[in-house]
Each structure stands twice: as structure tokens, then as C-alpha cells.
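Questions regarding the structure given below will be posed in turn.
Chain lettering (A, B, C and D) follows the sequence in which the chains are written, and residue indices restart at 1 in each chain.
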């Protein structure tokens, strides 16, 4: 079977996977979802001093369909939860989530009736950035962590397993 | 300027209107604002803002924290200029307890607040530019904002949420080379403001997009409870720094810029001039600061556990966005009984339907950015 | 033999357009970074040059998603309708003079059509269908708004565009783009290069403004005004469909710049110097190609420069500028040109 | 010739009680006369700017006061017995006024008992009262008669409680917002 190559460690497929991973790694278009204080620091990270664009995260895509990395910067309140969930659902695969700041990670100082105690209750999170708010370097570090995660991915094999061919 | 705004009756067939839901996940809505607009093509027939997407229960939280513990929470109100919030809250508690803050601490507060004002206006103008399609000024201004952050960071260790000051004074003196740093920052800051001015103010497209857009009369503005730059843009000369002076604002010389029509352009210009005035204030405040001996006291005598007497006070300062007030009711215990925050942009934003009615979708965005709505203090 | 050459030319110019559209996306990012005191993408390859490739790979492997409420056919058709005219418009625009290989004269132009002018206009007008169909098919209010804005804008600016071009036709007396390029040699009034821009300064101005509007670039990027209608007509698009839209835009830019150079900036002619006199047939062909390309690049960079300098117009202002300023101006230009020709010839 | 006398003269019998704290003056007025009082203050004393409107839940405050009083009473028995009236109304609505000419501030308070949570809206005097009144309704459940659009402001519409009341726990009662995808 020709498709069995997907399961093996074929040189060509490995290289192809590497190429795909390289492309995804170098072009993580962010969906900057800054709701609170962290949003300002995220802006600082996008601005000249830190310049997230160096990593290819140049084009902030406000349409969730076009984004790869959801940067949740700031508190998600309970009123916002359905909307936030919907944005995540609207993003096309493959997608990653950075939870930036204490509020997004765990609710932070706001242990109150209206605050969601961490966005991981609603969506899967890839990288947490602690801090209230984290420095822009923190966000850049998180983005690099996402890149490392992408590098270890096996997009073709996953796809093959999904549609039930190969091993 | 006479503005007649069309109302919903002016449309022959309201059934043809399209409802557009703008936000909360919308690039110009800062993540948390939402406007439900009825539009006829591009023209807005009616707009209804919905808020509360960043309601974090700050006031309720305040009732469960001690007076000191609440200072960091105030950082997260208007996160663009946390220091102004801190000082406003501290001043309210000091008023409640009848504490007189040492004069040197007041000068330090003043210097820091004006720096915060510049930082806040930079965010507002930068984002107004971005929302109108002019990206570059945002970057020019943000470089200088980083420099201001450097000063904050090196004074008290935090960039954005500074938790500046203590109840009864400030925690530390200004570092020795503060003035040196300020002198180093100043020409660059002026240059950035100047470049923004060159890029935008006399740009024909910018003028077309902002002049006359969402103009507002002073009577309306006062009735809606406008304060700060938005009110001054309407032509009302009101600034708490002059009208109810606190710190050393009555001893420094500065102008209050006033607009004419209350449109987006006036709000922008008022903010631009205010940045320059703030620079003037800081220069003078540094002069006052240097008159104090290095060992002058920075803290008033304040008990370790703060237990104000039973009572209620309201204290307000001129935050970058306008009158930021704290109403505190004490029941004599170490926790405030009730804290009410009077955020400036809350009052401004409620006039939004009236502001944008009859304008176009693009104007709605321009108006929103020029009002400088900060969700943190809007929803609390 | 001719059809082999034709195919080679098609493939060559297609790859060339593609290549420079790709480089343009890189140049735009780096250029904007330069203007804004930033570094720009610099991780993917040397100077971040492979950034567009990374974007392409990512867009290709991204999930192809279609909203449930979208019209399937229209949704799929939109990007294709947008990209094809962008590529095909270049067919009649020359990209150099001619090259002589083995005694055979090869024109550096895919098709030397004597109504090339009209062809460009017609194909250019087709691009709007891609936007409208995509916007309508997405079944999203923002997309429809973007599509509507685009339609109104393109229709409004086709008129002054066409009128400005008409004035140029008056001057050159031909619809043939190659002929127009050949006419722009020598000097004009004794000291200026004999370029269209000196004969038609107003026409050039109108053409440039209209070209910005045709290409949906700032200050006319209303169809995709990011802060107003999220991403405009391509709000619902992701993956390679989006890639086609983004790419098509840059190919469009390349075509427009090439047209502008052909009409107003002497195509491959250098001012005061006649290259064909001291260069061999092959090297002349290559030189003319390079000169043409460099001129196009200058225009492309000016697109970037303007993009990051000025704010965006409002919808009604765009309309006002188009109908109340540009069209009267273009008519006036036409009148002046006609009078001038009538008096001098 | 202070502000207190001015207010006393203007309001006459309507001023039920004055409270001065660190130079801040607040006056308590009858609940059903609030529009009349504010109109008088605006027109006669120049309090032409409404800073804020908000509610206060005083239930715990009165409890604490009573406890403190009881403690004191234990210490000094000889103090004369105070008449036991009906318990004071639970809620308070505070109107912060400002005079733009004299820069004087005044707080006007009304007492709202728990069984009659309806107050006249002052949106007819100042448009600024629009959202603050909605917020007070949202947070305390106090209704404003005559408000054109009285619905929840900060919490979502289906939210069952009034969070700033003292008997509502800080961390909530587990309310979640559920929004179905309807497409």
C-alpha cells in the first residue's frame, strides 16, 4: 500500500513534515485578543521595542479564520465566556493558544463572582505566561515555546491517522 | 457647530435596516466593548453599546480587602495610567483619615502622574491613528512610551501596574539620576510628538476624517457628565488640576487646552497639547522637588493597620481621561465598607448612541478611539 | 516554433510576477518595519526573505474551512475570480523591448495586441467580481459591506482611470501598448525625456490615485478596512483561499505599476541614452528588461511608502473624491489634451 | 455662611439629616422627593453637574453599629435608653453633585427600604444618570421609575442575583452564562 509510507519513517515524508512545520513555525499569525491590562503589554510587544514581527507574527488577524495563534491577553469574564469559546471554535486547524497573564491563566487577583478562573476551563491552552501583566519578553518567550511545540508536531501522520490510513 | 442628527423616524422603511454587531471581538473594540448598530448602508441609524464584558467585580472585591490591599487592584482600572488611579485612591483614603501627606511626596506623585498622563495619551492617540488607518505614529509614540516605562520600572519595579505610592505618602524617593533620565527622554519624546503632529494634524485625509465628526455641544456634554479631554474638546474649560487643585498644581504654570466643536479632531488636539503641557509641568515640578532636602520625609505618620473612622468621603483627581473619583464609606473596620469608583470614561461612553447617530460606520470607530474608552475602568 | 516561444514567455512572466509578488509581501513587511523603526521578519531565511514562503506553506496546510451558511460555489469561486484577472492582465503589457536570439526577434511581451489598452481596462474591471462574489458568498455582514464598498469604489474609479488613459491615447494616437512604449524615446521640448508623464502630468496624477483605489491600497483600502469591518470581504476566508486574495493583490500591484511605467515613464527607455546603439542584441534585450523592472520596483515601493504614511478615507469621501474631483479633473485634462493636439498637429 | 446653611435654606424641611465628614457634606432627603430636591439644588444653588449615582447596601453597617452600641452599653449602663424605632431602611442611593461655578460638592442621599425598591429616575434632569441608574439596578436591584431603558448593565440579562448586595458572596453562587449557538 502506498499510503503505508505515512506510518513509517520515510525520508521524504519526514522532510515534508519538517517543511510544513517550518512553514507553520515561521508564520504564526496571531489573533491578538487583548481584553485588559495585558492587552497593552501585548501592544508593546507588537510595537517597535520588542517587535513580535521578527518571528513572522506580523499580520495580526482579527478574523479568527485567518489566525493560527490565539493570544488571550487579559481577563475573561463569565459574560465573555461564550464569545471567547466561539472565537476559539471559529479558528481553523491547526491552532494554538497562549494564555497571557495571571487573569487568563487562573483568574489572577480577581477571585470574584464575575471572573472566569482561568481560560483553560473553556479552551485548551498551549502556553501559559505568568505575570500581572507579563513583560513583552514573556510573550515573546511564549511564542518561541509555541514554535518549539510546532517543531515536534507530525502533521502528516496525524492526518493519516485521522482518516484511518497507515499506522 | 450646528449638527442635526437624523433620527430613526427619518428613515422611510425601518425594516430595511441592517443590524450590525460590532464587537466584542473586533479590532477596534479593544476586546471588550460591543456596539449593536442599526445601519442603513453605511450610515448608523442607532447604536447601542453593551458593556460589562470586563466586569471583574472590583467594587465588591474592595469590600473584602484591607485598605492597603486595594491599591494594586486600582492599577487594573485604567491600566494605561495606573499611577493616576493609585494616587486617586490613596488621596481618598488619606482624606477619610485626615492625613496630611508630606510635600515632597506630593511633588513625586505629581511628577509620576504627569508621566502617566503622557503615557495614557500616547496610547489613545496611537490607537486612534491605527483605527483610522495610520499605523506609523503608533509605533513612533510607543517607542517613547517604552522609555517612560523604563522610568516607572526603575522607580518601582513594574512597567504597567505600578502600585505606586502608599497611603500617607510614597514609598521611596526619586532615584538620584531621575532628572538626568528625564532630560535624556525629553528631546526624543518631543520629537515623537512632533513627528506625529507632522504625520497627522495637517494631513488632509486626517482632517477630513476627524473634523466635524461626532461633534458635541458643551451643554450636552455637561448633561451627559463628560469630564477630561472629551469635555474640554467641547469648549468647557474644566480641569480639576486648576479648579480643585491638589498636590502642587496651583504652584505650577500650565495651560488648559480647549477645543471648539467637541469632534474627534478636537479631542485629538486637546490630548496632543496636554502632552506638551504635562512636559512643562514635569519640568517645573522637578524644580520644586529640588528645593527639598534629600532627607525630607516621604511618609506621614500612618498606623500599620489602617482603620479610618466611620464616615464617607468623595475625592477626585484629574486622571488622563477625566474626573476619577473614589467614594469610600468606612464602618470603622480595617476594610472599606463600600468603595464606589467614578470612572471618567463610563460617563463619556454612555453618550455614545447620541454621539454617533447619523454618522458612518468608519466614524463610529474613530469616535470610539478618540473617547479613549478603557474597559478596565469602564466595567470595573 | 512561435507557440513554444509564446509558452516560454507566458511561463516566464507568470513566474516572474509570482516571484515579485512574493518578494513584495516581504518588502512590504520589511519596508513597513523600516518606516516604523522596527526590524520586521528576520527569522525565516536571510533577512527573513523566506517569510512569504513560510506563509505560503502555512496557508496551504491550513484547514480549508467553509462556513455552514456560506454559498459553496460562490465562496470557492471568489478567490479564483480575483486571482485570474490579476495574472491575465499582464498578458499585453510589455516587459522589455525585444531580444534577438539566433536571428529570431522575440518581443518581450506575451501578446502584442493592438487594443492592449482596452484589454487591460476590461480585465482590470473583472477583478471586482472576485471581491463581490467572495463577500456575498461568505454570508457575513462585514464581508458584504466590504464587497459593496469595493464595487462602489471600483466603478467610481474606473471612470477617471479610463478618462486619464483616454487622454494618454490622444497623445500617443494608438491603443497598442508596445507602440506607446516605443514612442517615448528621445527628448521632449528639447530637454525633458520624452515620457508620458511630462506630456500628461495631470493624467498621471489621476491615474496614480485611481490605481491606488483599483488596488485597494491605503488610503483606499476600504473593502478590507481592518479596524472597521474586521477583514472586509475576506473575513470568512482562511487557508489558501485567503492566500489567493492576498497574492492576487500584489500581482495586481505589479500589473498596475507596469502599466504606469509603460504609459508615463518611458517603459524600458532610459532618459537621454539610447541603449540599443551601444549594446548587442541580446544584452540590449536583457538591459531593457532590467530597466523596465527597476522602474516597476520604484513604483511598487512607492505603494508601500504611501501605505504606511497616510490614514484611510471614509466611504463617502472616497466617493466624493472620485466623482466630484477626479472625474472633472480627468475631463478637463482630456479637453486640454484634445485642444493642444488640435492646435499643434 | 457655609454650604450646609445654604442647603438647609434651600431645601427647608426636605433636608432630613446632614452628615459632615472631612469637609464633605451629605444630606439625606425623603425618597419620593428626590427629583424635586435635585431640581431645587440645581436651579437655586448651582449644582449643575451630576458626578455619579450609586447604591449602598447598609444592612451590615447597621448591624455593626448596633453591635458597637451594645458593647458600649454594656460598659456604661447609665446612658439613657434610646427609643427602639423600626430598623433603618436597608439601601441608600447616593447622588454626587458638583457645582461648576463654585467647585463645591454635595452628596444627596435617599433611604430605600427593602420592601419598596422603587425610586424616581433623575434622567429627566441629567442624562448622565442613565447608566449609573442601570448599574444600581443591576447591582442592588433598586428600580428607577421613569428610566427609559432599565435593564442590566454589567451582568448579563439572565443573571439571577444582585452582586453588590452584602448577602451575595464575593465568589458568586456558581452562575455561568450559557449562550447557545443559534445557526
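A few notes on this one:
Definition applied: contacts are C-beta pairs under 8 Å (C-beta built on N, C-alpha and C of every residue); 3 or more make two chains touch, one makes a residue touch a chain.
These numbers come from a predicted model, not from an experiment.
Among the other chains, C has the CA centre that is most remote from the centre of chain D.
The innermost chain, defined by the distance from its C-alpha mean to the mean of all protein C-alpha atoms, is B.
The interface holding more C-beta pairs in contact, when A-D is weighed against A-C, is A-C. Chain centres here are Cα means. That of chain A falls 46 Å from that of chain D.
A straight line joining the Cα centres of chain C and chain D is 65 Å long. The distance from the centre of chain A to the centre of chain C, each centre being the mean of the chain's C-alpha atoms, comes to 35 Å.
Centres computed as Cα averages put chain A at a distance of 32 Å from chain B. Residue positions 36-38, 226, 230 of chain C are each in touch with at least two other chains. In chain A, 47-48, 62, 79, 83, 111-114 are the positions where the chain touches two or more neighbouring chains simultaneously. Residues of chain B in contact with at least two other chains: 26-27, 52, 55, 57, 60-61, 139, 143, 379. Taken together, the chains touch in the following pairs: A-B, A-C, A-D, B-C, B-D.
Residues of chain B that touch chain D in their complex: 51-52, 55, 57, 59-61, 63-64, 95-96, 98, 220, 222-225, 238, 243-244, 310-314, 316, 323, 325, 327, 329, 331-333, 337-338, 340, 342, 346-347, 349-351, 379-380. Taken in their complex, chain A has these residues touching chain D: 78-79, 81-83, 86, 111-114.
Chain D contributes residues 19, 21-24, 26, 48-52, 54, 56-57, 60-61, 64-65, 68, 94, 96, 100, 103, 105, 107, 126-128, 130-132, 139, 152-156, 163-164, 168, 170 to its touches with chain B in the complex. Per the touch definition, chain A reaches chain C in the complex via residues 19-20, 22-27, 29, 47-48, 51, 53-56, 58, 61-63, 65-66, 68, 92-94, 155. Against chain A, the residues of chain D that register as touching in their complex are 154-156, 163, 168-173, 175-179, 181.
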